[in-house]
Every structure is written in C-alpha cells, then in structure tokens.
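You will see two complexes here that share chain A, one where it goes with chain B and one where it goes with chain C.
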Partner chain A sequence: MKKQLKIELKKAIFSPYFLFGLVMLTLFSVLSAIYILEKNGGYTAAIKADTEYAYNPDLPLFSFFSSWIGAERMSLAYTLFFNLMPIGTALPFAWSFCSERKSGYIKNIVIRDNKKNYYKAKTIAIFVSGMIVVLIPLLINILIVSSKMPLYKPFAGYNFYNCVYFGDLFADLYYSNPGIYVSLYVALNTLYGGLFAVLGAAFSFYISNIFSAVLLPFVIMLILAYTEHAFQAYMFAGDIVELIPTQFLHASTLYANSSGIVVAAVAIIILTFSFFTIYFKGVKNEIY
Partner chain B sequence: MAIEFKNVTKKIKKNTVINNANLTIETGKITGLQGINGSGKTMMMRLIAGLIKATEGEVVIDGIIIGKDIDFPLSLGMMLENPAFLNSYDGFHNLRLLADINGIISDSDIYESINRVGLDEAKNKKYKKYSLGMKQRLGIAAAVMESPDIILLDEPTNSLDSEGVEMVKRIVSEEKARGATIVISCHDTAILSELSDIIYTIESGKITGCIKNGSDSEQ
Partner chain C sequence: MKYIKLVKFDLKYGILKRWYTYLLYALLTLFACMDFSFRLKSFDITNFSLGDCLFYFYSGISEYIPKPDEPIQIPYLWLLLNLLVCYFNVHYMSDDLSGLGQYVICRSGKRRNWWLSKCLWNFSSVLTYFLLSILIVLSFCTFNNAEFSFEISENMNLICPTGAQQYPVSQWNIGSIQLLLMPILVCTAISMLQMFVSLFVRPLVSYVVSIVIYFSSMYKLSDLLLGNYAMILRSDEIATNGVSALNGIIFSVCLIFASVICGLLYFQHYNILSRE
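Up next is the complex of A and B:
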C-alpha cells in the first residue's frame, strides 16, 4: 500500500493535468492580488496620508484581512477562482483515474498489487493532489497581498465593509484573531479542494465520458448555486444559510451567512459518497 | 504453475461468454487458444488473471482458487488486448512505475526487457509518440520483465512487422525454457501451431477441440 501510494502521488505531481489545474488557479489568485493591490492599496495610501487625526478609524477597512482572495469581493479573478475550483481540482487526477480505468492501464497495476490497495492509494493521491492545487495558489495570493497590504486588525464596527457578520462561521475569530481566521479558511478551502477532486473521480463510476465526469462537480455547484439564489430572493436574509461550497468557501459573506454545521455536513456527504463509490464500486467491479 | 478450469461458466448480463469450460493448462507448457473474434479467448485469460470472476465453477492455480482464496495470481505477467500505458511517460519510466509496485527487479532488468523487445533506441521516447508496433512491444516487455510464473499474451503479434513476430517467437520460447506457463491467443494459426504445445479451440465460449503435438482430439 505504501509503495502504491508513493507511486500514485508521484504520478499525480508529475501529471500535465495537475500542472494545468495548478497554473489555472494560480493565475486567478495572482490576478486577484494584482487587482486588489491596485484598488485597496491606493485607498490605504490615501487614508495614511490624511494626518488630521492621530488614528484614522478608516485604516482597518483596507487591510490584508479584507484583501486576500478569500475575502475580497471585487475582482473577476476571485469569482473564477471559487467557481472553477471544482474543475481545477477534479481535472488533475480524476482525469488520469478515469483514463486509467478506460484504457485498461489499471490491469497492469492490479495484477501486481490488488484492487483494494490500488483504489485506496488512488483515492488518497486524488485527495492530496486536489488539496495541493488549491493550497499553493492561496499561499501565493497571501504572500503577494500581505507583502503590500497592512495587517490591521479588522474593526467589528465596520462589519458592513468586511462582510463578516454576527453569526458567520468563525466571525468572532475574524475580529479577535484574524490570522487564525485566515488560516482556518485556507485549511477549509484546501480540504474542499481534495473533496472536489474525489467527487470528480467518484462520478466517473456513473458516467462513462471522462470529460463529463470531471466537469460534473462544477456543473452541479453551478446549478445548486443558481437554484439556491432563486429561492433566497423570496426569503428573509436572516433565516438563510449558505449551502453551496463554492459560495461558503469564500471567507467573507457573499449572499448568506455560512454555518459550521452546513460546512461540516456537506463535507461529510461528499466524503461518504465519494469514498464509498470509489472504494466499493471500484473493488467490486470487474475489469474488462 | 498448473491452471485448471473446473466447470467454469461466465455470464455477462444474459450472455454466456464462457460455457462450462473444463481444461488443464500444464506447468511450463505453451497453451494456445484459438477461435474467431468474440469466441471467449480473452475472457478465459481475464478469468485466469482474476480480472473477472466465474459465475459458476472455479479457476484453480496450483490448488488456489482465484477470486476466492486470492484475488489475483501471485506471479503473473500479461498483455490483454491493446497495451495501455501512461502517455506522458517514456517507455522506461512506464515500466519502472509498474516494476516499483513489487520492487523485485532493478533498472538494469528493465533495460534488458526493453532491449529484448527491440525498443532500446526508443526507451526515452514518450509513449504517446510510439507507433502501434512499439506499443505492442512495450506491452510484451511489461508482461515478461519480472519473470512471472504465468504469462498471458492476447494477440501478441498484432501490429508487429515480421521482425517483431520473430521477436515474439523468440521471447515466448525463452520464457518457456525458463519454466513459465504461457497462455497465448493468436489469429495466425501457423504462428500458434509453431509456438504451442497444445491448442484449444473455442467457439461461442465452449471448448470444442484440442490439438496436441500434431494429434487432434474432440472434447
């Protein structure tokens, strides 16, 4: 199992699809950083230049904590990053997983090890590759934005500008210890990167077309988001919570409050569905 | 390693692809499977390899029931239908990835396998740039590189030129001399007759005949 995992991780990291997913999401994260530095960086300089007051209360408005890709809500790049995350993560290794089964390459492996070990190693490798594809672009964005934007602690009185409201997931942390808040959201995004990747792989057991299987998580998220927003328009904002991962993974509120229970429940549903499908269907299915 | 089919029937949905097959493949011999397309030759190889399970009956290798006692034979090399490898890797690295799973052969053994199939000049070429014949050669190299006890070769001469066909004959003979049990299917009756110690004829999943050392017998 260890040997198999090592091989699968090596295949994942050196796959051209992995590179494609990584470059795509990194491009969005860098573009977001460039946009936000130009926009918020200018405001910060103007506020700093205003020396009328000993302390300008507007300073925390445009800090790193409201400008990194997880918090900014202005650029096209952040929208693309979060909405295309299911493709960027599923593409790298789910594609290779589907094509290995379709081409018959899997036969070469299972006769040398066994199906259980193969699927275990493959699932872990898919999960890890999905996590890396999200983690690296986020870290690059954080490095670029934090190199220019000040680390002012957000002011709770300005929650309207920060878009982290009372009742939001980790909201108290955002105003008391924003560094931990950002770290938690990076971890959450990384986790969901892995989940999207295994979800794409799991769909390949139900859909024979590789392209459709890899795209399906993205399409589902898109349809769910559209449906959710259509219904939310008729509801009182205080009663609703965000249900769609591509929306609640954003660290500042986009449409509705994010809830820890929903975030955990969706993760468990994706995890259970994906792992049971890959492991049990994979091990049970005959290989032709 | 003797392989026995004991009343083996394989059904896929409602189709019977192998129909009550009984045969014994002797250790260290070359057994040929002959039949038209869709007769069940590849299915028999898949049953031996443990890729599919018999609906009825048992496939037994040296007293061990495949799919019950173990999932796959312990020492098996095979090339079923079209060879399949990773496009972005070259020939050598494709073989090394597979060899790393068991870790029983070294890089020099892999190079030797590549040389045996005549791919020494293309060993660093990406698999996606291989011709059909080169892919077939790499498939054969993967099947024999770890000196397995059982070798399954399904249409090994497909896409090969005359030199390639001679290479297959040479490798099969060398593997037999080493003591491997070989099962081979081939549309070319002349090649199959030349290589095999015994040939089973399969029609619609049923073993209909057996030719052994020039003598002909019906089952």
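Up next is the complex of A and C:
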C-alpha cells in the first residue's frame, strides 16, 4: 500500500494535467492580486509617507484581510478561481484515473497487488493532488497581497463593507483574530480542492467520456447555483444560507450567509458519494 | 465517400444518438420557464409575451462597475444556457477523430469533407438546442395564453434581478435580432471556435477557453468580448454605451468563417494518428 501510494503520488505531482490545473489557478490568483494592488495598493505608500491618508479611519477596509483572493469581491480573476476550482482540481488526476481504467493499466496493477490497495492509494493521491492544486495558488496570492497591503485588523462596525456578517462562518474570528480566520479558510478551500478532485474521479465511474466526467463537477455547480438563485428569489433574505461550495468557499459573503453546518454537510455528502462510488463501483466490480 | 454521407453520419451520431443531451437541455428550459412563471406571480403580473420570456432567458447582466461591497450578480441562467451547449458539443469531434473518424477520413479520402461535415454538425447541433428551447418557450406561452409578440412588457425590468431596473422599458427598442438571433449566433461562433481550438489542445482546455470568454464578457462591456452581444441588457438599444447588434453579427459571422477556414487549412496537415 505504501509503495503503491508513493507511485501514485509521484504520478500525480509529475503529470502535465496537474501542472495545467496548477498554472491555471495560479494565474487567476496572481491576476487577482495584481488587480487588488492596483486598486488599493496606494494606501501602503501613503501610510509609509505618513500623509493624511494614513489617518483615514476607513483604512481597515483596505487591509490584507479584505484584499486576498478569498475576500476581494471585485475582480474577474477571483470569480474564475472559485468557479473553475472544480475543473482545476479534478483535471490532474481524475483524468489519469479514467484513462488507466480505459487503457487496461489497472489490470496490470491488480495482478501484482491488491485491487483495494490500488483504489485506496489512487483515491488518496487524487485527494492530495486536488488539495495541492488549490493550496499553492492561495499561498502565492497571500504572499503577494500581504507583501503590499497593510495588516489592519478588521473593524466590526464595518461588517457591511467587509461583508463578513455576524453569524457567518468563523465571523467572530475574523474580527478578533483575522490571521486564524484566513488560515481556516485556506484550509477549507484546500479540503474542498481535494473533495472536488475525488468527486471528478467518482463521476468517471458513471460517465465513460473522460472530458464529460472531469467537467461535470463544474457544470453541476453551475446548475445548483442557478437553482439556488431561482429559489432564493422567493425567500426572506435573512433565511437564505449559501449551499453552493464555489460560493461559500469565498471568505466574505457573496450572495448569502455561509453556515458551518452546511459547509460540513456538503463536504460529507461529496465524500460519502465519492467513497461509495469508488468502493462499490471500483473495488467491488470485476475489472476484466 | 460522399460529403452528404459524412453529414448524415454526423447528424445521426452527433445529434440523434445523443438525444439525452437535448432532453437535459429541454428540462433546463422547462425549469427556467417555471422559474419565470413563479417570478411573474410573485410580482402579481398576469399578462406576458413571448418576448418577455426570451428576455428573461437571455437578458444577461447590465454593465458591471466593480465596487468592494457589490459583487457581480452572475446571470446563472444565461451562463448555463450558453455553457451547457458548449459542454455537450465539446468532445464529439475529438472523440470521433480518436476513434472511427480516422477510418472515415481514410475511406473518404478527403480530410476537407470530414472537417466541413463536423462544422455543419456543430452548427446544426447549436441550432437544435436553441430551437428546442424556443419550442418549449412557445409551448409554455401557449399554455399560459401569452401574447405571441417580441414586445417587452412594462414590468420586465423589475423581474430580472441583474441590473435591468436602471433602464425604463418604454425606451427599449429590441426585437427578434436581440432576443433570438444574437444568442444563437454568438453561441454558434463560440462553439465553432471551441471546436477549432480542440485541434491544438485537449477539448477540456478549449472548454475552459469558452468559460473564460463568457465570464470575461460578464465583467467587461466591450465590443471585443463576444459574450456581450448575447446579453440583451448590453445591447445599445437598451444601454447607451452598449454593443451594436450589427457589430455582433459581423463579429460572430467572421469568427465562424475564420474557425471553419483556419480549421480546414490546419486539418489538411494534421497528424490524426497522434491523438489518443
């Protein structure tokens, strides 16, 4: 199992699809950083020069905590980053998962090792590769933005401008210890990166076409987002909770409040569906 | 092998045998019709026209001016109606080329015919999705005794949540070109471009290109971003700084022809055996 996992992880990290997913998401994260630094970066110079802007009481609105990709809400890049996350993460390894089953590679593995071990190692490798594809671009964005934007602690009175409302997921941490808040959201995004990757792999058991399987998580997110928006129109604004991962993964509220229970429930649903699919369709099914 | 035989093959395997994709698209349209109907009820509107329904589908979003406390209101219905067509069409050409297509090209002896047949299939496929959608809208209008005209009702700007409120309906001068022709033409152009790009990169990457075009169009009102022409709210007949339908038609037709001709030239020397 250990040896198998090592092989699978090596295959994951050195695959060109992994590189494509990583480059794509990194590009969006860097573009988001450039956009936000162009918009708000002038404040840092003003603070250093001790001009009148340095005493602007609104400065906490232009800090790093409202400018990193998870918090900014203005650029095209952040929209693409979160919406294309299901493709970027599923691409690297779900692809090889599909093609290995199609090409017969798996048959050669199974006669040398246990089928269960192969699927276990593969699933872990898919999950890890999906996590890395999200983690690295987020860290790059944080590095660039934090190097230029001041680290002002967000002011709770400005919650309507920061768009982290009372009752939102980790909202109290945002105003008391924003560093931990950012770290928790990075961890959440990374976890969902892994989940999206495993979901893409699970879909490949139902859809024979590789392209369709890898792109399906993105299309499903789009359909769910439309359905959610259609229903939201008839609900009282205070009752609306964000259900779509590509939207609640954004650290500041986009359309509806995020809830910890929903975030956990969606993760469990994706994990259960993927686990049962891979176990029953993969491990239990005859490969010959 | 004659060209007509190739076309027949593509229409059979690319459209008829993939009936389930059309069914899914039809179901989405039906759901959108129901959403439209509920929205009318919530505004106490009883009379509507065919144009109202089409406007609800293809209105898109008005010009977005980035503000920190106002994120973009993504027009999911518009996005879905366009991106779903691209999703269903993205892999057919590539799949065929890595399978039966190689033998068909050898038998037909002419690569040109094979590529032109795929272009015709692509056009027919997009048209079928949209015609199916329009057919469902027509049935929905008949069922609800709606008016069969392209006139937009007075309160339609209130129903669409994506920025239509700022433009008074009385000043709109939109018709079948903005409501029907532009969405079909733009989607055909992007689908054709997607197929052409698939010759160089994997279909998956070409689909990402389509996504980026549509998302960029939402963010930036520009003559150069094709998606703008498919959004009724970005038309110069509604917004003063909007895009002209004529420019959109010229741009889309040029892109369609460029994709067909460049694809044709490139495909003459394309190594079909290297594809997985």
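Everything below uses one rule, namely that the second predicted complex is superposed on the first by the 275 of 288 C-alpha atoms of A that agree within 3 Å, B and C clash if a C-alpha of one lies under 4 Å from a C-alpha of the other, contacts with A are read in each partner's own complex, and residues count from 1 in each chain.
One rule holds in what follows: contacts are C-beta pairs under 8 Å (C-beta built on N, C-alpha and C of every residue); 3 or more make two chains touch, one makes a residue touch a chain.
The structure displayed is predicted, hence computed values, not measured ones.
**Q** Quick check on the superposed pair: does A:Ile7 touch chain B, chain C, both, or neither? Answer first, second, both or neither.
**A** first
**Q** Would you check which partner chain A:Phe276 touches, where first means chain B only, second means chain C only, and both and neither mean what they say?
**A** neither
**Q** Scan A:Tyr161 for contacts with chain B and chain C and give back first, second, both or neither.
**A** second
**Q** Any idea whether chain B or chain C touches more of chain A?
**A** When the residues of chain A touched by each partner are counted, C comes out ahead.
**Q** Now for A:Arg112: first (chain B), second (chain C), both, or neither, which partner does it touch?
**A** Touch status of A:Arg112: first partner only.
**Q** According to the stated criteria, A:Gly104 is in contact with first (chain B), second (chain C), both, or neither; which is it?
**A** A:Gly104 sits against chain B, while chain C stays out of touch.
**Q** A:Leu222 contacts which: chain B (first), chain C (second), both, neither?
**A** second
**Q** Which stretch or stretches of chain A touch chain C in the complex?
**A** Touch list, chain A to chain C: 20, 24, 61, 66, 72-76, 79-80, 83-84, 87, 91, 99, 160-161, 163, 209, 211-212, 214-215, 218-219, 222-223, 225-227, 229-230, 233-234, 254-255.
**Q** Give every residue of chain A touching chain B within the complex, in rising order.
**A** 3-4, 6-7, 10-11, 14-16, 96, 100, 103-105, 107-115, 286-288
**Q** For the complex, which residues does chain C have touching chain A?
**A** 28, 31, 35, 38-39, 42, 66-74, 76-77, 79-80, 83-84, 87, 90-91, 94-95, 161, 202-205, 207-208, 211-212, 215-216, 219-220, 276
**Q** For a test of understanding, state which residues of chain B touch chain A in their complex under the given definition.
**A** Residue positions touching the partner: 46, 49-53, 71-73, 76-78, 80-82, 84-86, 88, 97-98, 100-103, 142.
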